[in-house]
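Take a look at the following structure, please.
Letters A, B, C, D, E, F, G and H mark the chains as written, and numbering starts fresh at 1 in each.
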Amino acid sequence: MDRERVRELLERLRSGEIEVGDALESLARLPFVDVPGARVDTHRALRAGLPEVVYAPGKTPEQVVEIVSALRGAGQDVLVTRVEPELAARVRERAPEADHDETARLLWFGPAEVAPVGKGSIAVVCAGTSDLPVAAEACGVARRFGNKVELLVDVGVAGLHRLLASSEVLRAARVLIVVAGMEGALPSVVGGLVDKPVIAVPTSVGYGAAFGGVAALLGMLTSCASNVTVVNIDNGFGAAYVATLINRL
Amino acid sequence: MDRERVRELLERLRSGEIEVGDALESLARLPFVDVPGARVDTHRALRAGLPEVVYAPGKTPEQVVEIVSALRGAGQDVLVTRVEPELAARVRERAPEADHDETARLLWFGPAEVAPVGKGSIAVVCAGTSDLPVAAEACGVARRFGNKVELLVDVGVAGLHRLLASSEVLRAARVLIVVAGMEGALPSVVGGLVDKPVIAVPTSVGYGAAFGGVAALLGMLTSCASNVTVVNIDNGFGAAYVATLINRL
Amino acid sequence: MDRERVRELLERLRSGEIEVGDALESLARLPFVDVPGARVDTHRALRAGLPEVVYAPGKTPEQVVEIVSALRGAGQDVLVTRVEPELAARVRERAPEADHDETARLLWFGPAEVAPVGKGSIAVVCAGTSDLPVAAEACGVARRFGNKVELLVDVGVAGLHRLLASSEVLRAARVLIVVAGMEGALPSVVGGLVDKPVIAVPTSVGYGAAFGGVAALLGMLTSCASNVTVVNIDNGFGAAYVATLINRL
Amino acid sequence: MDRERVRELLERLRSGEIEVGDALESLARLPFVDVPGARVDTHRALRAGLPEVVYAPGKTPEQVVEIVSALRGAGQDVLVTRVEPELAARVRERAPEADHDETARLLWFGPAEVAPVGKGSIAVVCAGTSDLPVAAEACGVARRFGNKVELLVDVGVAGLHRLLASSEVLRAARVLIVVAGMEGALPSVVGGLVDKPVIAVPTSVGYGAAFGGVAALLGMLTSCASNVTVVNIDNGFGAAYVATLINRL
Amino acid sequence: MDRERVRELLERLRSGEIEVGDALESLARLPFVDVPGARVDTHRALRAGLPEVVYAPGKTPEQVVEIVSALRGAGQDVLVTRVEPELAARVRERAPEADHDETARLLWFGPAEVAPVGKGSIAVVCAGTSDLPVAAEACGVARRFGNKVELLVDVGVAGLHRLLASSEVLRAARVLIVVAGMEGALPSVVGGLVDKPVIAVPTSVGYGAAFGGVAALLGMLTSCASNVTVVNIDNGFGAAYVATLINRL
Amino acid sequence: MDRERVRELLERLRSGEIEVGDALESLARLPFVDVPGARVDTHRALRAGLPEVVYAPGKTPEQVVEIVSALRGAGQDVLVTRVEPELAARVRERAPEADHDETARLLWFGPAEVAPVGKGSIAVVCAGTSDLPVAAEACGVARRFGNKVELLVDVGVAGLHRLLASSEVLRAARVLIVVAGMEGALPSVVGGLVDKPVIAVPTSVGYGAAFGGVAALLGMLTSCASNVTVVNIDNGFGAAYVATLINRL
Amino acid sequence: MDRERVRELLERLRSGEIEVGDALESLARLPFVDVPGARVDTHRALRAGLPEVVYAPGKTPEQVVEIVSALRGAGQDVLVTRVEPELAARVRERAPEADHDETARLLWFGPAEVAPVGKGSIAVVCAGTSDLPVAAEACGVARRFGNKVELLVDVGVAGLHRLLASSEVLRAARVLIVVAGMEGALPSVVGGLVDKPVIAVPTSVGYGAAFGGVAALLGMLTSCASNVTVVNIDNGFGAAYVATLINRL
Amino acid sequence: MDRERVRELLERLRSGEIEVGDALESLARLPFVDVPGARVDTHRALRAGLPEVVYAPGKTPEQVVEIVSALRGAGQDVLVTRVEPELAARVRERAPEADHDETARLLWFGPAEVAPVGKGSIAVVCAGTSDLPVAAEACGVARRFGNKVELLVDVGVAGLHRLLASSEVLRAARVLIVVAGMEGALPSVVGGLVDKPVIAVPTSVGYGAAFGGVAALLGMLTSCASNVTVVNIDNGFGAAYVATLINRL
């Protein structure tokens, strides 16, 4: 589309409709006009057909409301991530239509049910109950991004029977997100059971030598399963984002 | 298929063809028979329709030749990775049909050209010439795994014009592999230019605070582009493996 | 000047105005007399023609007021850095003339507008809104130190178009300060667009593998752009200080 | 026993057989007499009924031969660990009776078969072929220390079926040693399959984020299986030593 | 037992009591049925004859009470670990029969005295008073798991005489748990005094270069005493769990 | 002395005053009798002629009062270190005679002035005002341990003239304690100015790459001045303890 | 200039000289044409008026010769950095006109003396003789980039008198490069003596806790002197590059 | 003395013997004249009455011989440290009078026996035979610096009886150097046995989690014995240097 807008500009110059100076100015600035009042980049959403995403930490409730309003005014669905309870309460005072998922720490401004656009389902596999907030973020984001999602909880590697009992769910997925803290071994095991891409999310769950997710992160990066890639510690959003892109291919 | 073999076993038990004790024994052992002489797992290849892969480090030339022979005897194509020149020379003395890609450190036993099975192309983007061995590994593996591959070299972030000049190649790819050492910033920039999954490969290129790839690894994990996932330092093979799985979806 | 004061001392000794013992004493102590009551070194300010700077953390409001009073009494402009809101409030109770910049965490005792002494302008480039406090500190300090400053916000590397749209601002600067957290890639990209010195400031913005600014720090130290030097994590003040020295050359 | 020797000493003093000065001297020195010529502590072997162990690194062939001779002269069996091929060759020139296990890097001076003293068997489980030298050290040491040993190789977590096929071997063991590099996930999986103590040995196998065994070490320390304890990276000897003590209980 | 259930299933299939489809289904799912309402794995307890253990962090008081009720309803003894005072108070409001050990941070639902099942005693050796909470956890768990326990406190390596005065207690134990922070040297010294397995628990006690237990952890992993294995920082529970398994052998 | 007590014991046995069994018992237990009620080791104080020291963190006010009472009852002077204001207030309610030094976080039970026992003076050199609490701890401890102490504050390496102005104080000291955070360069500079032992104390002062004192610690350990040894981060007490021992030689 | 080329293109389109399609194509590709045969970016040199720089590691002698020839053919001066002796010898066989500086590991293709373009002098200050190769690289590069350079060697902080004796050289410089390994304290001290920008270069000199330059790097980043910025470990080239840019302002 | 030289200079100026310009010049340069040809600082030796020390790494045999000659010509004794065998051989070709201690890696130019100047003896305590080179360096340096030295070898903490048997040697020392690798626990134990200053030297001995001496370093820094200070990993020289200064007090 950008290319088209440039072509159109050039045609207008050719036909004498506009002057060289104007064309030069437009060429320099064209694709970068911001939403007024919010300085939010709407290009990504336009390009990928996804809702806008606002990362909450470091923003005041006022700022969040303002940005959401600007984007809603522009007809966009909006997802706010990493929303602490206090922020959620204050935003909903002003914008009561917001859908709040506490465990996933998400605020959603959009249709209650998003029709699936992805071609298959995404399995979100969660090692322990403490990893649930990160897994819930992945699920919540993936659903709002138009994916069918299956969530498996409490299937850590020290109790293999549960995981194996769910192997059909695993094999049915088009792409998998595996969330684990502590030693982060679950992606290796899941990766060995399927022949689909596995996105591993280390969590900061654990104590001592878990070092806030470093043990899990290193374990996932050095996984002996070749179909595993890794995102940042606790980054359920990022995993869901990439899984969405893959599921739309 | 395994399920089918179990069903068949149960049918034979039901019909009295075999005894309970035998069935019990078979159920315990069934899907795990190894290739004789090599103890190589052929399940993955069977499952995913990919060539067998042998990781060379820590194996003697004799062992490599032996494993390759066993697999070739079983009708498999074989790819050997991380092959140092000396090992390559010694293997080719005995198996002169091997195709050796020095830069990529690959030995290939299979058809000269592998017909593309992947649905689109994979772009391999390489920050600098020092990162080339890792990028070449990614390319070489992806091609043998049946993908169309485009390689872009020397498009580091400190010289954006080159990268931008290639943006159509980037946008044409179905999945991208971005290889970079030092500060590892390239995946963030490429990730912002496309709306496809980007697999980032940090390399051990650099000195001092590069810490053998750690700086690049951390940079990629904390990328501000949401469509980036990461594999281990120098793991061109893993990136190509996952890209292949995605490209077949 | 010190040399001149020593010469003068020696002349007075030679002429018999003072005794050997006094000269000896003076030679030992001469250039090190402190401001009474505050033990603040005024040499730096005298030497470089800059306001005095007081680093607030670890000082009580009383101590800050006392030091400021001593320095103001000596005719100095004073800048207090890293001022938390509570400290600012308590200082302004007693010294209501103080100018407080909340975002930049600065208290300023001096003229509302400082006339530019620097020869060109300093561009402060800020990757994301979360990095703004550090960028604001750099701006606020640079302005009080007599520089013309241009601030660019929200021009992260995953959305190159915004940065490129501002390339004339970048090229117009005599020295640039680039502030970024997470993967810290912005200085490499900016460094490739200009041929002026770039001072990179990593911020502690980010989570997980950002490790409180370490990822950004390592990324900046290993930048593939040769015109980048680095200061400590979150050290907006230090960047502005060096940029000022450069801008006065 | 020491207590007995002290009692005997006191009795002799009481009866006037020896003088106070002599008793005082003996009390200070008694249990610490060294083997002449070798300064090797024989207490451990005497106490625990185990062969003497000599750690080779940092010792010359001459020193190894000398120490072995002294110990053999004292009637002890001797095990030398971490023996590089060159050292082995030079020691065997002078002491051809030594039994050399190349993979395990052990030299053994003692009976070809050591009768089992341990009450059950020790299972040594090895994730990949690259981990074999460490696993072989554990096996070799455990056998010379009088244990029945079962070795399972190539049962990594990304190919669970092999491991599960061997679950009876696992369950039959009285204590298990699990050796793994890279992400070090195997002890967690094995730990979940048995209710016996599992000693985890991280290996330095792997590259990049494996950090020479650190990833495996952290993974094992943070294992979600409660029956896992850990020894140092590559410390097959230590694992066998502790497993022996447990197997004799 | 599982094996028996499978045999029984096969017998019923053989006799025509059930159909192939049902048998297939049962074979896939059999050993993994969860306790209704609590999703808690009761296999471990059944297998090892131990109480169920609930790790409190990240669970609400309601969840803890619910899980405990489900397990108590199933006739299980239950131990809750890492219980903060506030949680303990709230749980005991609803379940006043709980036995609360504040120092050890344990809640116990079971008989006041658990009859010893372990064959010998476990010595818990604690370097300093600051390490006491971790040592108390180890003691409290070991006692509820049916072991006779001896606790030695304040026997750090810089005051050897106290430790040596207790050497009979050390030698009388069948297995030892040694808890230490700071430099973590105590396991090496204790390991040299006994010929039994020593489980070392580093604690997060200390400041500066103690790095939250890392100094102690590294010290224990590199111990020059061969009979030492290590668990995670502050993991008194894990040490007691393994010691229990060893003590039952 | 211990040797003498043993000799005396042996003499009494020889003379028949006591029995072998009693002697045996006494020999095992003799030098390790604790102060009743407090389990505090009084050996160190007796041996070195120093006050008892109680490290406050992790102790309740009640415990501190109890320990102090026991020691005071035994005629000992007592120093409590790392005392937070709240603890100090609560202890002084019950023991109003305690001397509280807030900056140094010390409580002192003993004479207002301790007569110097050390042979010379100890210079405590402090880089910046933020390092003052650690330096004050070193001073406060050294004075109560009977040393003459000189304190130099605010003599950081970026303003050498102040340090050089005090060089006579530095040269007059018998042993020096140098306290610095951030880059920790001061001990190197001081070490080059004197030929006496310098004890370097890194502090946790600083931010970003100071890493809580690690930068200073590494800088001090790698000092190019050969007369520098190092203690733990913020360990003003330890530095004063060693300086006292040296000053008494 | 680029802007001018675009304007010219637009004028030609306007006048009908070229077609819209061609203009579109040219707009996409224009400023990014590479030097034929060498793929070397000549933009930087053109922009900044500096010689081309080739980083040698990872290039074969043939590649170095080829790149140099291409650049020399284009009329450029060329500097090759990090040249090991063997590479230098092989390059000079083919290109004997190359000027080789062994200590600095530089090969230079250009005039023997480069006329100073920088406005003042650059002082390169080197802590110890072991840091000399890095300092020599900085000097050699700065001279070929057209700067007057003063080198001070062996002026470490533990022997302040030498540094102070050279203070006039320090004060005369327009910008300073300070090279130091071990504790890296020299930039702090130099920074306190001058009011010019100081570029600190940590070196990998040292052992133990120097950690290959990390101690020096952290020390420089946390310097208490505000006029210090830092480049990567051993990066003498980068320091000279930035110093050149500053010296030309 | 410097003060005296300045006074003398001032007297000569007062009396008209010299001019103001000369006095000024002399005041600036006076105490910093270097030894011609060698640029070696002789101040330290003059000040402290110690031999000159040359650190060999990074110097050619020619440089070492040249420096030694210059210093010998100036009447100084010289000690060269960290001398590898090849360097030693080449130096002794030209200077056969050098005394070479291979284990300690020292070359000595001075009297065969140095008369003790230190007031007491220094005990060097060495944990294991692998730590011997570092301990030997400490001994060799301390003896050439005029101290009486006692060496205890192989007294690691896992075999306490040997250490305790030597406790009189420990108690007789005026200052102790304790050398240990691996967990570095020995200084804590020795520190508890004596009331003299203990200088701890971590060594790089060990593997895996020893991390090249880091485990020992951290252990020593966090020692629970208050009389322990620490030097850099493997820094036997530094320990001996400080011990010498203490022993002369």
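Worth pointing out:
Please note the rule applied: a residue touches a chain if its C-beta (ideal position, glycine included) is under 8 Å from a C-beta of that chain, and two chains touch if they have at least 3 such contacts.
Just so we're clear, the structure is a prediction, and the values are computed from it rather than from any experiment.
Between subunit E and subunit F, two chains of identical sequence, the interface residue sets overlap only in part, with shared numbers making up under half of the total. Each chain's centre was taken as the mean of its CA atoms, and the one lying most distant from subunit B is F. Relative to the C-alpha centre of subunit C, the farthest chain centre belongs to D. Subunit D has its Cα centroid 50 Å from the Cα centroid of subunit A. Distance between subunit B and subunit E, defined via averaged C-alpha coordinates, is recorded as 42 Å. The set of subunit D residues that touch two or more partner chains comprises 44, 159, 164, 208-210, 217, 221-222, 232-233.
Here the touching chains pair up as A-B, A-C, A-D, A-E, A-G, B-C, B-D, B-E, B-G, C-F, C-G, C-H, D-E, D-F, D-H, E-F, E-H, F-G, F-H, G-H. By the touch rule above, subunit B contacts subunit E in their complex via residues 3, 6-7, 10-11, 13-14, 16, 20, 23-24, 27. Within the complex formed with subunit B, the subunit C residues making contact are 127-128, 156-160, 164, 182-185, 188-189, 191-193, 206, 208-211, 214-225. Those residues of subunit A whose C-beta lies close enough to touch subunit C in the complex are 28-29, 31-32, 39, 41, 43-44, 57-59, 202, 204, 212-213, 217, 232-235.
Taken together, the subunit D residues at the contact with subunit E in this complex read 44, 47-48, 53, 119-120, 174-175, 195-197, 199, 217, 221-222, 226-233, 237-239, 241-242, 245-246, 249.
Residue ranges on subunit D touching subunit B, taken from their complex, read 129-130, 153-154, 159, 161-162, 164-165, 205, 207-210.
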